[in-house]
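For reference, chains read A, B, C, D and E in written order, and residue numbers begin at 1 within each chain.
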């Protein structure tokens, strides 16, 4: 229990230090508001349009892929923890290793599929994607 | 036994917050978050009572729940994305081509 | 695998103060946390305004800060004052709570990660059973801060930078964790002290010199993978696309100034050290080392990693964003899974 | 196995016809339908049953296989024929063949579907008349509706959709009510039966095994079940107040379908009444004698009066069917050997004669494209053969001696006069006999207006004698009517043999 | 034991394994050639995989795998999964539906992208359903339920440029996510009270509920809610009309037949094994008499489904509502269970299972016919169906068979299965349930016959054109029709198997 109290204390400190620094800075720094300063900096150009630009769809793809794989690592970790001690306690390699090989195998099939289908391909040929949409609309 | 009931109250509160969010929001993404909250309420119970009962069943199942919640989000985001494209927004009440 | 639990720093402190129970835990924890946080602050203070410049200059065959103090070391103090007393410019249209919160989240995440790192000489704040997982988890919180800063800034470059940062983090997070998992196969525990303890056993003895089972020796392939992934996680060359100054100004931190900028910058540096600390703990025997006290070895190791990042920063060109993701998803991920499976098989066959 | 073979062959014939090209479908269906005809004749020739199949007598060609074991009551595939069903089977096969031939002219589109459905219906009808297990029987009973629905709905007249739906809804609701009635009986019998085989149920009922169910006493249960089943079957027959679907269906249906509807489908109702209500619950039936007799007479008189008021030849024949079926009910409730036997005989006789009448109307319609009495007169001038057969058939309807109709009605009246089910039976019989007068009236009236007198026709069609394949079925039916009229014994002995056990139960002897 | 007495015990899960491997194989094929237009290869792989799984399940069933004759249920992976007659029986339903859907999709998807993913998702969902039927632990129930649901969400929204499909997918997903959260919370409550997730252990732990009996009751209610979603029963039925109407028609078929059956498979097992009525209803004020609960749900579901179906103008939507109605019928299987029912419990549950099998054929066929109609580009309302029979008599005949069978008219499988169901309900003493069911059946004839009437009797519109004669769709529809008809004479083995395997639960 105490270790989590300590970690909580670290959390408190980790919040407190920036706050203290901010407070110190607030006392030190001047404030000279001016319109030119508060403009958004876009390499010196006058900002145009909204900043909430529509970004590349691939970000979503990657994010989805991550969600899947990251959670799988959650399931892999318990296995790695017990792997060696289970072996030492006499579990056969087949019972302890095969399920994880199957699990990873399934993951790999998924990954390769995503790979081949361009989920991790940053730039798609615009020509190809145009052809697809046209066929769909026809 | 008393701590157990505290956990139940906590999880029930989280669950109810989720339900509340789900009922009052029209944004599909917020809907999704509310559902996650509800799933986490379940996780609270599972982990707390795993400790109480002294078996790891609950914790293990908690892991599964998390994994499934993630998978659900993955699918959900995909659907919300096509929703956005087809209906120009993520407002769930907008999509009414069919009679409700 | 019941390694003898070392006394943690809070216990030591509460023992010294003679406090017991919850109060002892709290006070000890706070004091210990304060100590560790300050160690990290000092480390970054040295690293940021001074060491970084010096190293970069060395690569460029230049002489950097050298006016104040020995080797210009005292530049840290005026720099600190300078940065803190600058005007805080709040650009128009920022999303206020998120914009204010982000500079706190980023250092918070890195400092929190240090809570479980064994720094040797009994300096370890906490040693929970799930230490390794906690370290990764804490380090990942930073992504949230990056998104907040990028999204709240109302700046296209910031937004893109934040997205890139997240894409980078998530692309290399999995190889990182999976590689760490291959180490866990050996240790059989996620407790940091046990991971360190396992590495203390001698691997083999060559000419009277006992080489410990540091996993960098046992599984060098995993070590290399881990270091590369770590490099990407902390966003340094060749993986510094989130900030890529030639493309998107300064990424998510473009709109920040004054203390806010300092905090973000600080957070990044602590992250580099946290990455180094995790790598050291997992692969380099933590604070272990001959002759010198553990803590010194620990500092040496994390500084070695820092030096490595700075070397990479100066020596290696930046990847394009698409190359970056392809390396992550097609290269690192596959290799890390291969590493995991192979490790498991080898361990299984040997056992 | 011959029954299964018969049904299976008919199903196969239907399937084959479905895929035959439209041009050849009619001929093919005719050729294929001869197989069941021959089969039924062979069965008749080999027939060796005695007594009533439900009441302990033997059934010919019986097969009994367990089909479905479900809970307490097994479902069997039990088929067989006795003296009651044998004549109906012969009637079904012959009438179907003739109806198919008579459909060659009027059916001009989607022929393969039409003839396929006709054969499909025949197969199910054969099933209805041979099944001796309630479940099997019910399956076939309901299955008859499906082709009929389409036959009316697809090939019918202008208001066919309405007629088809009305037919379908009426008969299905009736079936449901009947089903519930019967099943309540089964539950009332409880453990005393182990299957839904009709003989077993009938015998258990005779043995007084009926108990209470769902809060009803045995007697009340019997009454409820009787009424429910009577209602269900009466719709099919149809008995007077429930007959309203019939004229619509008949008028809209194409002629060959009307032939089947009047000739065979109506008999399903009376057949089932005899099998279920009057065989299984004789006591209850006798206690309901008065209302049933009332309904019967009402059907006779009301149907006849309605027929009198019609201008449409087909409607006239349709309503006259209601009237004729009233006689059957009267004969059944009489509970005498001549009454019940005559009723059964009337089923066959009416099947032939009403088929003949509808066909004749159809032949005239094919030529004149109208059925209205007012639209034509003196058709006999141009279509002497058709007119002649029509007249002969009408006389058969009126009960001319030496025709099947006479024999049947004679038996019924004889039986009804002898009846002891209640004091007032002769009164009802007398009233029913009055119906014959009306029948004679409307038929003569209609014939006089249409067939005789100077030829007059407004339409654009040339009126000539119908082609041979239209007239031939008429001739065959007429011939059969006369044969049955001259020697009713070819069926009547068989029928009496099967009917008598019922009467013994009722205490008629 | 498995038919191969010497085989390792995990081979008992062969049907699920075959399905999963086929799904991965499809992904692999798609990986090798992502832009493939070789729909035939994908469709035939999916079909063969389903058929193989179904064949193995049928073989196991005949050989008595996991049944009392060969030593009782086989439990796998520490009681997480169980292979018994019931799981195999349901597997048979899922695989046959999956096979039909795969065959039909060959034509339906001819012009679509992402075909490999489509078949793969179908088979993954089928795997999930199979696992649902095998689940012996609430954990595996939840996981497999999600495995069945997640692909289904994607499949419903598969036509991603079709607003209806997307909307359907969204609604299906939202309600699905909500119900799975409720379900998970219910599981956590049950775990909190009993300390186990394995079904028999939960039953054993029920008695220790003590003062937490109210929590337990709430948990059971929430779990019931999860099943209500999966089976499209009241009160979680809202998604069904939308999802079935908007989804690609083969998917509507898949969801309304197989997915529904899967929901029932789990519900049957969970409620009979984990929450035995006798134990749970005697727990005092917080205990749940779920038999009564399901009886009410059954009546409401079937009535609501049928009345709503009767008012529809759109055939697909009508079928969707009728599918809700059929969920009500199948619920009788749970509703008519009594504490001291003995053999009658198994009978009524088995009858419900048999009905689901027959329903699998007739309902799948009906939706596949709609798929065909969509392929032809004919509209979706009853009027649009006018006169189809004159252009496509075989398909229309098949649809007629489905409609009449769904209405419970002889001589089709639906009649005998409904008879078995209602009869068994009466035998259990729930004659009023049977009566309501029968009345609903009679009502349903009204709207089913509207389709038939439109197809056969109404005049075709001038513009009615039927372009192609899709072979795969025709094949699947005719197969379903033949199956529906043959299940009438061949019902005996079905009901016998179903009741035997259901009796093993008690």
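Following the convention adopted for this analysis, contacts are C-beta pairs under 8 Å (C-beta built on N, C-alpha and C of every residue); 3 or more make two chains touch, one makes a residue touch a chain.
It should be emphasised that the depicted structure is a prediction, and the values quoted were computed from it without experimental measurement.
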Can you list the groups of chains that still touch once chain A is no longer counted?
B, D, E | C
In contact with chain B and with chain E at once: which chains are those? Just list them.
A
In terms of CA centroids, furthest away from chain C sits chain D
Selected pair, greater C-beta contact count between A-C and A-E
A-C
Geometric centre: closest chain by C-alpha means:
E
Find the chain most remote from chain A, comparing centres computed as mean CA coordinates.
D
Express in whole angstrom the distance between the two chain centres, defined as the mean CA positions of chain D and chain E.
43
Could you grab the centroid distance between chain A and chain D? Build each centroid from C-alpha atoms only and quote it in angstrom.
79
Using mean CA coordinates as chain centres, what's the gap between chain B and chain C in Å?
32
If you average the Cα atoms of chain A and of chain B to get two centres, how far apart are those centres in Å?
20
Touching at least 2 other chains, the residues of chain A are 63, 70, 115
Give me the residues of chain B that touch two or more other chains.
60, 64, 71, 78
What are all the touching pairs of chains?
A-B, A-C, A-E, B-E, D-E
Contacts from chain E onto chain A in the complex sit at residues 24, 27-28, 30-32, 34, 111, 113, 161
Contacting residues of chain B [partner chain E, same complex]
4, 7-8, 11, 15, 18, 22, 28, 31-32, 35, 38-39, 41-46, 48-49, 52-53, 55, 57-58, 60-61, 64-65, 68, 71-72, 75-76, 78-80, 82-83, 85-87, 92, 95-100
Counting only contacts in the complex, chain E reaches chain D at residues 344, 347, 351, 389-390, 393, 400, 404, 409-411, 415-416, 419-420, 423-424, 426-427, 431, 438, 442, 445-446, 449, 452-453, 456-458, 488-489, 491-492, 495-496
Contact residues on chain B for chain A in the complex?
60, 63-64, 66-67, 70-71, 73-74, 77-78, 81
Complex contacts: residues of chain C adjacent to chain A
1, 8-11, 22, 25-26, 28-30, 32-34, 36-37, 41, 81, 84-93, 103-104, 107-108, 111-112, 114-116, 125-128, 133-134, 153-160, 163, 166-167, 170-171, 173-174, 177-178, 181-182, 184-186, 188-190, 249, 254-255, 258-260, 262-263, 321-322, 325-326, 329-330, 333-334, 337, 340-341, 344-345, 347-349, 351
